[in-house]
Amino acid sequence: MRQLFKGNEAVVRGAVAAGCKAYFGYPITPASEIAEVASLLLPESGSVFIPAESEIGAIQMLFGAAAAGVRAMTASSGPGISLMQEGISYMAGALLPGVIVDIQRAGPGLGNLGVEQGDYKQVVKGGGHGCYRTPVFAPNSVQEMCDLTIHAFEVADRYRSPVMVLADGALGQMMEPIEIPPPALNEPEKPWAVVGNAATRKNLITSIYLEHDKQEVHITKLEEKYAEIEKNEVLWQEIQTEDAELLIVAFGISSRIARAAVEILRAMGIRVGLLRPISLYPFPAKRLRQLAGKVYSILVLELSSGQLVEDVRLYVGGITPVELLRRTGGMMPAAEDVVQVIKTMEKECVGNHA
Amino acid sequence: MRQLFKGNEAVVRGAVAAGCKAYFGYPITPASEIAEVASLLLPESGSVFIPAESEIGAIQMLFGAAAAGVRAMTASSGPGISLMQEGISYMAGALLPGVIVDIQRAGPGLGNLGVEQGDYKQVVKGGGHGCYRTPVFAPNSVQEMCDLTIHAFEVADRYRSPVMVLADGALGQMMEPIEIPPPALNEPEKPWAVVGNAATRKNLITSIYLEHDKQEVHITKLEEKYAEIEKNEVLWQEIQTEDAELLIVAFGISSRIARAAVEILRAMGIRVGLLRPISLYPFPAKRLRQLAGKVYSILVLELSSGQLVEDVRLYVGGITPVELLRRTGGMMPAAEDVVQVIKTMEKECVGNHA
Amino acid sequence: MRQLFKGNEAVVRGAVAAGCKAYFGYPITPASEIAEVASLLLPESGSVFIPAESEIGAIQMLFGAAAAGVRAMTASSGPGISLMQEGISYMAGALLPGVIVDIQRAGPGLGNLGVEQGDYKQVVKGGGHGCYRTPVFAPNSVQEMCDLTIHAFEVADRYRSPVMVLADGALGQMMEPIEIPPPALNEPEKPWAVVGNAATRKNLITSIYLEHDKQEVHITKLEEKYAEIEKNEVLWQEIQTEDAELLIVAFGISSRIARAAVEILRAMGIRVGLLRPISLYPFPAKRLRQLAGKVYSILVLELSSGQLVEDVRLYVGGITPVELLRRTGGMMPAAEDVVQVIKTMEKECVGNHA
Amino acid sequence: MRQLFKGNEAVVRGAVAAGCKAYFGYPITPASEIAEVASLLLPESGSVFIPAESEIGAIQMLFGAAAAGVRAMTASSGPGISLMQEGISYMAGALLPGVIVDIQRAGPGLGNLGVEQGDYKQVVKGGGHGCYRTPVFAPNSVQEMCDLTIHAFEVADRYRSPVMVLADGALGQMMEPIEIPPPALNEPEKPWAVVGNAATRKNLITSIYLEHDKQEVHITKLEEKYAEIEKNEVLWQEIQTEDAELLIVAFGISSRIARAAVEILRAMGIRVGLLRPISLYPFPAKRLRQLAGKVYSILVLELSSGQLVEDVRLYVGGITPVELLRRTGGMMPAAEDVVQVIKTMEKECVGNHA
């Protein structure tokens, strides 16, 4: 049975279906509704909702809950995610699972409440200190806000890693009918957790290895884990790429605009396709490279100053030209804007290949 | 007259020479000596030293001092830099100059006090929320710890941007004789600052633009500023690259190991060169691309799990193979390790080109 | 059915019996077991346990829960109670009920974990800013740790006031068999609370009255409330006071020593009695004055530098000499010490009256 | 040469004259001007002004500066003073001098910015945890705001104790011409301080004595110190008490109203006098008792719900009736109100003694 939900509520519905036992958070627009709904739904199922005194408190509580083997999450928007970077690094170092949802707003600084994707680098490439990565999933529908939250919990537990869901204010606010999956009990045993009994007293949750060689061994294990993740956890969607001569790359809310543009362009007879990375880390780099080998040109559509495009250029490795169409500050491109750019690119390609 | 100083002290000597009027910080090994020396030297010259209650306090104080037009700085190590990411984003958004020094330690999480370069992505590629960049300078000697700190203050004021100095515990602790430049008074007028008088009361220091179009205009100006920085502020050093068939890329402390390896390899008759980026943002991408066109192969030497190598691959754009030699956790490669890898690569190249 | 409990656990058993729905706290010896037991027992009955980030966080959470009409509590020891003084004043000003338990340790400053009553003035006479009082109940047994906690919740709701339970580390740690009363549902309606629905949206919980005359009216209502409390809520215990010529005054743990001394002295034929204030505010001033009129002399026994004795002198009003026997720093007087002092006082009295 | 100053500025002028080397504070009306003026005047004389992140930060900085042997101060109003209670207790326990100024506002809770004396109990009787006292001086003119601040620094150093100045918003805001004393250099040597050199490394500043007997010895020394203070540091003022049959007791701003009332009443031929405690701790208890023996009746005038009156009753010890005239919430009694009450009391006395 399908029900109509806002994206922010769908995140919490997904968390409940995933068996999330604790939510910690501090309010910030446009993510606050996640906390609001969590405060209502989690206690109903015997789970815990704690309003933290700050984002730093929230991420430390997530560390603590995760160390106790509890499925737990937090959510925020850009400025709050920045404040959590230290804690996320500690969770990665201490091999702790947990889900962190970023409902992006426009930045830098206070910025505004508009739709942007300016946290891409922070969440996907950089963030906290030291050598670690966090899997990142980017929904583009209310259904995926739910489904990828569930998936995030599973990936977090599978790899003992913090996992991020990267969305934005538009996805958080939009309403779509969705199917909530039935609660599943696929949470693995966590013999490593410290649950306050004698049996687990010997377990040690730490990110400190004072001896350099032991820290290097620890990091090497992290590297091996990330290699596994890059092998197994890549997710993406393709639209009309089979015969495409031009390729658009976009994720999240902007991929919906790109898809509309693809439909318009196809109706004009222009052979354009869309690659939508669903996992931003691990990035669908291999598939992108394959597609890049088949098309004349690639257009990256993003709501930031050229962040995703850098990764696309990195993975394309120079074999195909990569163009950028971007808006920022909460401004949204129309499908027609994308159509215009693609049409220009098509002429250039035709010219080049004539 | 040359004097013997530790790298951490050289940072403060540079700051004093640059006319730094305020230091705010919270102690963390291996950066604490910067605060210690600042607490002694700054008051001597009528400047202010304030021990903050946390790294978040420190970066907010830096915001405040910068808004008042005061040359000011802070320093920390990885975990503290993570905590500052929100504030750095606010400074970038509010067009505020300021110098932030990162004396890296091993991570993620608590890690240890060993030498690492694991903050590369955090400092150079990601960090806080929203679309902004910070110029980053990476010294590889005690003299440069001083000189690049001075330079950081100048670049910060020139572009009204936070600027980072990225070093590590080895550079912080090592002692070398250096020349302290005489105090220069090249601090520009700051008519935009709010200095507590009637004349500047109308000045507005803010990172908030509630209307989307105004935020986009603001971000476009940031983009133009970053384009200027990429054009004017690239710094790098080359060692024996004129006839090189193989190229090593390394920055900071590992570039010293690379240089020693180059000398050993040249003595063996192997034509290897070194490109050392001094500015990590802006990266010497154009020069790297030129050199990549002339060599068979590139080796990236870094003290992290493959962070710098991603940028090198991005800028090389696939025209030359890029290999990685990395140690982590505080472990240091010997020059001999580099020599071995280069010798292997050379054979492969010869084989390929035979 | 009687069960063996520690005093700290008895506090929580009492809170559960009183229908306490939320516990907020930050750990400090010797009060930490209250939080520990609360974290186990409260969730069992669907109540909430939240470990706060500081005592300031805890008291603010108590403010919030109380404003929502929820029976809630916190506990700490001296240093933590000091940190809560601002929040307690706000609760008193905003007419909010709540229970705060102080398991005293030795002070001032860090002091040690020993048994002391050095928080008497802070809790009973002074504390936070402005004109307000808090009812204070002082148990001297594990049974009373339970019963007076229940009583504190009832008094708090009856008068819309924060109420304190003042105990110490000995009472917190000692084990005695007690009877847990059955859960009672005597919590009054709270039509003044803000419970997150439309009906209570108009309710205002505040301690601010910007107009001076309105603040005076508000304080006058507080004064009237305190007059009611002084009339209705005085609790005390008397031991062999009917024919007493000498009176000991002591509360809490030291009243047990005093009682043992009374038994020894009575066996010697010395007519001594004990007045134990159970409510420290309101103090059993009238009864003390009556008894003072009948005895030659009064001995105050306290584990602090003369705090209770000041109140006894205030209420005795000069009609009978008041002596002090005190130990501090965690040192405990023996019953024999009390016996010696009383015997000396008796001789003086006999001498005086001969 | 006399200059016109506000009371809040006079506090800082006094601090500078006393050689105060550091001010730490967080703003709160009506005390904020102290910080404002300190931020201007202290740096002029090479002293330090640090805006703390909270009142808790401010008092901890005061602890640190005092431990380093530096004359330092903070100021706040009621809510902020509440937050400092833990730190004040630590300073008392660690034998650290320091000056804390309370410019009272109306309470409890947020209250308002009006004139009140509702912090009397907090500052004079209770406050933080454990057995300690703080000398408290209560100015009633702008000149005394300056002079008693200087005196507070001297008493603080003489007894190694935190010392409080208790004023209110009216004294803080009123302007009167005052004489600033010349800077005096009567700061004692502080061989116990830890000043960051080898010689003082062995000095220990602590409030922790884990062994109970040592803590008791420590507290006994505190008691002896307080006995010294009670012997040597009592300050008060008398107006027309020689032949008085009625006595008014008032301190601070309300003593000015009382004095005006005395003048009116004397003009009517009523023999009334005024005792103004200047030191609230130590209280002029002995002199009050002497005067109480000579008058028919005592009137306490205070701007709080009966706080001072309790101490007056304590010290009078029942030998003379003590009446109370009080206003609260920022409301001020007129001299005429006092006159009316005294006239009523006079009739009753005449009646009683007829």
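Order of writing sets the labels: A, B, C and D. Residues in every chain begin at 1.
Keep this in mind: a contact is a pair of C-beta atoms (placed from the backbone, for glycine too) under 8 Å apart; a residue touches a chain by one contact, two chains touch by 3 or more.
The model shown is predicted, which means the values in this text are computed figures rather than measured ones.
Colleague: Using only Cα atoms to place each chain's centre, name the chain farthest from chain C.
Modeller: Following the centroid criterion, the farthest chain would be B.
Colleague: Quick check: how many Å separate the C-alpha centres of chain B and chain D?
Modeller: 53
Colleague: As a quick test, compute the distance in whole Å between the mean CA positions of chain A and chain B.
Modeller: Averaging C-alpha atoms per chain gives centres 28 Å apart.
Colleague: What whole-Å value do you get for the distance between chain B and chain C if each is reduced to the mean of its CA atoms?
Modeller: Chain centroid spacing, chain B to chain C, equals 58 Å.
Colleague: Using the touch rule from the top of the page, what residues of chain A touch 2 or more other chains?
Modeller: Chain A, residues with two or more chain partners: not present.
Colleague: Touching pairs of chains, which are they?
Modeller: Here the touching pairs of chains are A-B, A-C, B-D, C-D.
Colleague: Please name which positions on chain D make contact with chain C in the complex.
Modeller: 56, 77-83, 85-86, 89-94, 104, 106-114, 116, 118-119, 121-132, 206-220, 222-223, 304-307, 310, 313-314, 317-319, 327-331
Colleague: Using the touch definition from the top, list the residues of chain B that touch chain D in their complex.
Modeller: Answer in residue numbers: 48, 50, 52-53, 57.
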